[in-house]
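As written, the chain order gives the labels A, B and C, with residue 1 at the start of each chain.
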Amino acid sequence: MSLMTFGIQLLNAFQYAMVLFLVASGLTLVFGILGYINLAHGAFYMLGAYLAYWIVAKTGSFALAMIGGTAIAFVLGVILERTLVQRLYGRDHLMQVLLSFGLILVLDDARQILFGKDVHAVAPPSWLGGTIQLTDNLSYSVYRLAISAFCLAVAAAMFWVIARTRIGMMVRAGAENREMTRVLGIGFDRLNRYVFAAGIALAALGGIVIAPISTVFPGMGDGMLILSFVVVVLGGIGSVGGAALGALLVGITDTFGKVFFPSISSILVYLLMAAVLVWRPSGLLGRGEI
Amino acid sequence: MSFRAPSLAQTLFVVALFVALTLPLFASAYYLQFASKVLITGVLAMGLNLAVGQGGMVSLCHGAFFGVAGYILALATPGYDAAPLLATLPLAVLGSAGLAFLIGCFALRTRGVYFIMVTLAFGEMLFYLFHDSGIAGGSDGAFINARPDILIAGRQWLNLDKPLVFYCVMLALTAAVAGLLAMLVRSPFGHALAAVRDNERRARSLGFPIFRIRLSAFVISGGLAGLAGYFAAAQFGFVAPQMLSWHVSAAALVMVLIGGLRSVTGPLIGALVLTGLEEVLKAEFENWKLIEGLIVILLVIVLPGGLRQLGLLTTWAPRKEVAPASGAGRA
Amino acid sequence: MTRNRRPLLITRRSLLSGAASTAALAVASPFPTPALAQNAPLKVGLMLPYTGTYAKLGQFIDDGFRLYVEQKGGKLGGREIAFVQIDDESKPEAATDNMNRLVGREKVDVVIGTVHSGVAMAMVKVARDTNTLLIIPNAGANDATGAACAPNIFRTSFSNWQTTYPMGKVMADAGIKNVATITWKYTAGKEMIDAFAENFTSHGGKVLAELTVPFPEVEFQALLTQIATLKPDAVFSFFAGGGAVKFVKDYAAAGLNKSIPLYGAGFLTDGTLPAQGEAAEGIKTTLHYADDLDHPANVAFLKAFKAKTSNDGDIYGVQGYDSAALLDIGLAAVGGDATARDRMIAAMAAAKIDSPRGPLSFNKAHNPIQDIYLREVRNGRNARLSVAQAAVNDPARGCKLS
């Protein structure tokens, strides 16, 4: 493999990892702060993609799809938390697994009723529609580069919020020691609600952002769900930095695996996870028992 | 047993037992097959409950144990002939149990949410293994052209092609599994398992070998799932990677929920309810998934104790209050 | 139901109602009876993907079938038709169950289905075991009319081999020396590529690399980069549905379509052109249909389909339509009596249908013998360039029917 090709594959891996990070970060936050296991995360990713398709079809504006879709997902997250999820804090994880399983079924059919069962394409915003020539016969879509940049920006924003703001401080406290934070009287209910909604919104944002370069189809949530789980387990629950690291590892393993070991490329990621777990049962940057 | 008139729950149980035993007399072949299917999923759910309800380990990879056993049968079936049941059944069950041992060694090093996710990931890894490689047909699945039978001295002693025979075999097996589990739960091992589930720290301080107890329960549970998977493959004559997906595990968990976590035979009722529900819903509604999802959500919120909470069920396992979740949360 | 005259405290009926829990749900459902009497409607079971990735295809097949029945006044062969619908969700693992439901519980007289080859093979197995008449309106698995062929199994669509074999010669004739292939790693993908490679290499071509993506993944970036590195003369691919949309778009976005022409099986550009847009222009494919075929049957079909569904008809609609036509011929030959199975099958096997796709007849394994067209995407439609190979007959490898 020439250096140029290697570089391009690395670029592919990085772009793939960035979207993975976006979705997985939401998952790790919900785990780490709320201690809530959300198997429906992939379903929200799918919902985001379908929302993007629908909003762009109705209004023609991708920016509106991004803002509107994320907002709708956030509100949905708040509603779900208030009505359902809230009742399950501190309850058996089994109940949470089952609740999210039920949610997946409901969301799947709701999506079918609202948006139909068809496969769709979404056009990227025209100002990002071009391509950049990389080699004599291969060009790279500008939109893909834009996605990577956007996800990096979101990651930076998240780090800043968590490290430097009051809300971030509460989030960190909650991740560190939930009981103590509650005892100290920090407004936990509202915090939980917004963190959950933010997690959902991040998943949906991932779906919105990826819609122009993927196809919007009914089964898209399942694959992303498992991969984000692997990323979270790799990086450590509750750690956004871990999610970033995990996403990079998964992206590189998957991309280069497809090229060098095509027949077993899909299971390489799990072997990676097993290897990391043997070395560090709580994940690379994890903090231990939840 | 007191001299009170039998409760509604007990009456229903006896009636259900009676129906199960006399079913061959009035049901068509299709419904016999349906009943067999219920029993197979019931065995899967009961096996899972050993790990989840008795052991407190929420596992999302039992689909893998279920499917692997089916694949072992598929791979062991020579072309268009029948495979020997007496040889392939133990092979399949041991295969699933062995797999459970391997996965358990990894997964049981973790706790709580990690455990759930690790089992999920390993289950999916096996799914992709069968899906993407050339083992038995890849994503399209493989056929089992003839059901396994017992052939001794040139005479066929067991022919599973007849729905009636299959049903009777499944009935006997289900009873055996239920009996085995009931015995296990009452045994010293069962008590130790419950102790580890309820208060790990104290159990450890009392000198229980936590890891070994959990692993043993996980392996037995996996083997039972394999037993179910073997017969599922035999009944449908077909194996596909989707048998290993986490959706299978999740559905089994719903059955466990319906039947009640602490009950040995509860998951069997759960299997009947869920399978029957799906059968009815699929026939009537196009959006049956929505309804099923809503029902599951409702169950979780309103009836976490399963149908027992409604006083609708009874069980032969030791009667116990469903402990509040705080202790059972740790896996 | 008979009255029980013996003075038992517990009658069979009270027992049943006593099992008030869901045991009753399963058992007490009505037991449908097969349509034995000639005056009773013929029960047709439609087992298709009404949800999932192939939902659109399933819907079009359904529409096509029903269109034909409507055109004949709701009757085939003079017999009223009643429909039973089952969603197979393109899931092979549930296929046996669903098929059993149709055959064992609903007791349909004939089954029409399906799109996904894995599901179809499970249906074939059950059909063989229960001797149910099965007409396959899409799934191209070679074995269905090959090693697993049976008198009661018909196909009105294609075999995977059939649709891509002609392209081998077409590309060799166009001066293409080496090719990279890319597809999903599953039976249909493998059969399509193998058939193409068989013909291409026999005409002196070379396959540089056979790239595969696990089904149904749609992340192609790494492999597109590899194609660019390999620099083949052309790329031959098979994808369908959502995957086809994404692949064609990704291929264009990577700029590969400027230097390495893309060829494919017709499914790459059938039913997907609106979503693919500009990216699909110029792609050449082979299929047993083209959008602008001008035989009267096609013109009439497209008009009627548009009137019924407000969608433009495509190959899937045609295949559904032809399934009904085939069944019509069979029923007409026996005066509507579906129990005269042997005569019905003989009539169907000898059928010659004036299909919207062109002349259609069947080989000994009951697979269509049909023309395969070479098409090019022009202005958002699959325009017919020429006949790539006429009267293509699948070799039915492994079939024991004579």
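Everything that follows uses one rule, which is that contacts are C-beta pairs under 8 Å (C-beta built on N, C-alpha and C of every residue); 3 or more make two chains touch, one makes a residue touch a chain.
These figures come from a predicted structure and were not determined experimentally.
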| item | value |
| --- | --- |
| Farthest-lying chain, centroid of Cα atoms versus that of subunit A | C |
| Interface with more contacting C-beta pairs, comparing B-C to A-B | A-B |
| Whole-Å gap separating subunit B and subunit C, where each centre is the average of the chain's CA atoms | 36 |
| Distance between chain centroids, defined by C-alpha means - subunit A, subunit B (Å) | 32 |
| Per-residue overlap in subunit B, given as positions that touch at least 2 other chains | 128, 131-132 |
| Touching two or more other chains - residue numbers and ranges from subunit C | 50, 214 |
| Overlap residues in subunit A, where contacts from two or more other chains coincide | 112, 265-266 |
| For the subunit A and subunit C complex, residues of the former touching the latter | 1-2, 5, 8-9, 12, 15-16, 112, 117-121, 131, 133, 135-141, 213-215, 217-219, 223, 254-256, 258-259, 262, 265-266 |
| In the complex with subunit A, residue positions of subunit B that touch it | 52, 58, 60, 106, 109-114, 116-118, 120-122, 124-125, 128-129, 131-134, 246, 250, 253-254, 257, 261, 287, 289-290, 292-297, 299-301, 304, 325-326, 328-329, 331 |
| In the complex with subunit A, residue positions of subunit C that touch it | 50-53, 55-56, 211-214, 216-219, 221-226, 228-229, 231, 241-243, 245-246, 249-250, 253-256, 258-260, 275-277 |
| Residue ranges of subunit C in contact with subunit B within the complex | 12, 15-16, 18-23, 25-27, 29, 31, 50, 87, 91-97, 100-101, 104-105, 117-118, 121-122, 125, 129, 185-187, 214-215 |
| Subunit A - residues contacting subunit B, complex | 31, 35, 37, 39, 84, 87-88, 90-95, 97-99, 101-110, 112-113, 226, 229-230, 232-233, 237, 263-267, 270-271, 273-274, 277-278, 281-283, 289-290 |
